[in-house]
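Here chain A shows up in two complexes: once beside chain B, once beside chain C.
Up next is the complex of A and B:
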């Protein structure tokens, strides 16, 4: 009697798992499942916990490529180079492309699209039925090395990232997925391009913002890095610094993006 | 020829309801070809007969520029529950700032700064400048909460308090160059920025920080109105 109850319980648990996987992640092509976990932001307020909980989500395995972006501008004429509104994209928008609907020979179709502003990245994501990842999600996924989720505790991994951050980017960007993926199967979070995040504007370390500080001194880099939770994470400082210096219509030759997706659970019944 | 221009210019507040209705009526008439020209002319007359100085878009260019914030599709709800776009204020200078109603540190100072700017604008044109406060707090600052805020601070008719979706709040912050993030304990950390838009929706002046001299922004706003 007891055994059969245990068996029933196990079966229902399994069914529940299947339900979660099939309804939720549905393993979208080109996206990897990033399991739930904790991310330690670089700066936290005095009254805040050191970490943020990150719910499981899906992340593009590679940055958006020129070829994929071309599909987007074909479908959305207002995002073509000659028609885009300056409010949303500066003068260098897609400057490496040959024409509105022609990638040309300067950049490879399967290299990450760059020279795209945050507004365009956001519009692309919406068109693709996705969204931009949040800083916490991006950083959390990027903390993983090829072999472990807590890659940042591995000095060799950190050193490898630092090497990239201290090397000027190549004049021509390489194709995506040329180096090994991290433990979640995500490529190129380091080593190829910088990437936009949905909430890039939450990073507030700028010279300007010292003068217009709102609530919390720890958000502003007035005292250098003394409030930082992990002073050794030099690449994270660099990303924070870049994000804080960006404006939403800026484009850079080494700044691209990838999309994320929230896992929508269809509330499977898990009660045995 | 009748211009379709006013259709893009729906007045956000009850003050202009009559004129908006006139616009709607004229739109319906124009969209219906079989309506007699006489009736159509009548509708146009209604429009002309009920002018509302601050709803006039005489100051706005015929076409919005590439740098105009009016290119944004974000939609907002005023504290009176009216759905608008930023472009609804087209035709008059706007002074825009972001805040949240439960903020006890920076926002009261910011509000005071805005009120000091308003006082510095010559009285004859003061109500022709639209003051717009956009909340960071999509969850807490619902239109009724904002209506209460208006009441508490006795904000005049030419002030609008806007509520929007988190996505639209993020977008307007990006357009204004305002940085913010929600805090785990509630509330928001944010930078302080007061932005002046010309009647065409372009940024003409931005003042970061708090407790600054109100003369510059007030002067620039008055200049846009020919004062």
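Up next is the complex of A and C:
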């Protein structure tokens, strides 16, 4: 899509206007508008700016539930548990479900769907006319607390997030939207499940968090500390760590996803 | 040619790369305080180690629970024992219920990251890598996933022993003790579920400093044990993540210390040894006296206020020579009293009372006698037993018996003289006549003579009073009596 510089400028003004006017309200059912802003990634190269611009976008207010995912597999037989291609989903794909088209009693229909690989999440999003959020978008939206967009500057909010990481996994996941939404009206970004992002594989953590000497630190920096913009943002370290431990066909019992949507006529600027 | 860690070649191929690798076995892993048995093999082999990472809620202290991140379900992680030169095929499984990805950095691995990058594992997944245990020693392993301090602070550490090809000197008991500290949101002892406190960790202000993952994990019926006379070896690690330990066992002296987990016992007779965070030490000592020995981090507020206490319980016969127990409990008024002053008189009077109290207290007197017997036995076993025999029976027609001896028990002062001056000529003991010579043993001190006579007069069926030092002293100061036999009869 090719648009003129001037038009692009006008569009971003419009997006900002929308952001101001309709922040926190739904302009697509089930999705919240996340206004344009800046996101400071945990790791940046020496020659990169410390932040990335995030254009306004839409984000599902809740993670995709089992019930919603069932609709997807009904419509897409190749994503049923018994027919899925192993290359795209490991052996634990939808393992908590009773059968191909039956959620069963182990998990609740309105709990987040988990044990789904990145390939399936991506296919679901395309089927739903949406896409997966990028890391920058997800982290930017998740930085907001119930009362402020810069929630990460609030130690109480950070401590509350950290609490989930240091609490044992619940045997059965709770339903979505059981705790208060953040300032944009988005639920469950913290405290329920991990979520896939479109570019999870760019996390560039090597697995040895302290940085392999052989790697270029300015590029990779490896999850440790050398180049981290906020060394004390432990939850961010943990999310980067988890993302980098994944492969696209992996399924985890506490890893789900939600969808995003680009606002029409704008070009997402957040692609790294 | 051996292969280093993270080699893409593994399994049989790697095995094939070293002709000295013979066979294959599955490593025996143990939870603390137990240690897998010494390796008897005399060749290298392929050892398969499987360690499961699990995030579990367990007791940190009474009424206090904590979500530990563990290697093997407990803190510290399971003890791994391999032999220098072994090819280790390592499998790291991350339990499906885990929230976090984890990995392992074994300090025993030679290669960047110590295996961390090769073992980075998402929940519900498994990783494999291989390494050759090139360097013997006692090594820490730990998780190295960001934030590393938090993963270690939640309990992700353990020990791997790479036993030298020559092995260690034998020990009767081997135990695994690992220190680590915990940073909880609540204060020490605050009940209920506790959470990791990032700020306390950054400030290095732990709430708990413990051995083996919890307060009292080595106390009471969970104490480690030994019997008198046994040699105890401790494999001690320190997971940190922040503190350095001053490891000490109250009432013991380490006969040998392999500082920092190396393979040479460079020190002997050590009271307190430093265990660095992310480091270890091996100590051994023979236990001589029964009782309870308390393991501490001698940075004492950690021991008595934050939990760094453990116990070694030693059972067996008393050894009053090595340790008497309390002999005197008395008032002490200091030495400041001037001569002739009222205070000095009071001190003198109290001392007299004390002496009298000691003499009239059968318990103390009994104890004193027991100590004399124990000490006297040592003298007897160095000198007298050669002639009088260990059982005091002597040798028929040559050496008179001490056992149930009328001659011995009749006259104490005569006995003292015989020891000091010797004896020759006829001696009638229990109706039998002996005609030999005993050499003077006047090189023994008064003390030693008093003790050895107390021993023989209270052994071999004899029963008598303790022999006082004063009595021996007095007799030694007398002019030597004529060495005629008549003087004795």
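Rule of thumb we're sticking to: the second predicted complex is superposed on the first by the 223 of 272 C-alpha atoms of A that agree within 3 Å, B and C clash if a C-alpha of one lies under 4 Å from a C-alpha of the other, contacts with A are read in each partner's own complex, and residues count from 1 in each chain.
Simple rule for what comes next: contacts are C-beta pairs under 8 Å (C-beta built on N, C-alpha and C of every residue); 3 or more make two chains touch, one makes a residue touch a chain.
Fair warning: this is a prediction, and the values are worked out from it, not measured in the lab.
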item	value
First, second, both or neither for A:110, with chain B first and chain C second	neither
Touching partner for A:88 - first (chain B), second (chain C), both, neither	first
Contacts of A:234 with chain B and chain C, given as first, second, both or neither	second
Which superposed partner A:254 touches (first chain B, second chain C, both, neither)	second
Partner chain in contact with A:118 - chain B first, chain C second, else both or neither	first
Partner chain(s) touched by A:162 [first = chain B, second = chain C, both, neither]	second
Touched partner set for A:100, first chain B, second chain C, both or neither	neither
Touched partner set for A:198, first chain B, second chain C, both or neither	first
Overlap of chain C and chain B interfaces on chain A (superposed complexes)	206, 208-209, 212-214, 244, 247
Complex contact set, residues of chain C against chain A	55-57, 67, 96-101, 103, 105, 112-113, 116-125, 144-148, 150, 154, 193, 195-196, 198, 202
Residues of chain A defined as touching chain C within the complex	92, 159, 162-163, 165-169, 194, 205-210, 212-214, 223-224, 232, 234, 237-238, 240-242, 244-247, 250-254
In the complex, chain A residues that touch chain B	45, 47-49, 52, 85-88, 118-119, 122, 198-199, 201-204, 206, 208-209, 211-216, 219, 244, 247-248
Of chain B, residues touching chain A in the complex	66-69, 71-72, 103, 105-106, 170-171, 173-175, 177-181, 183-185, 187-193, 208-210
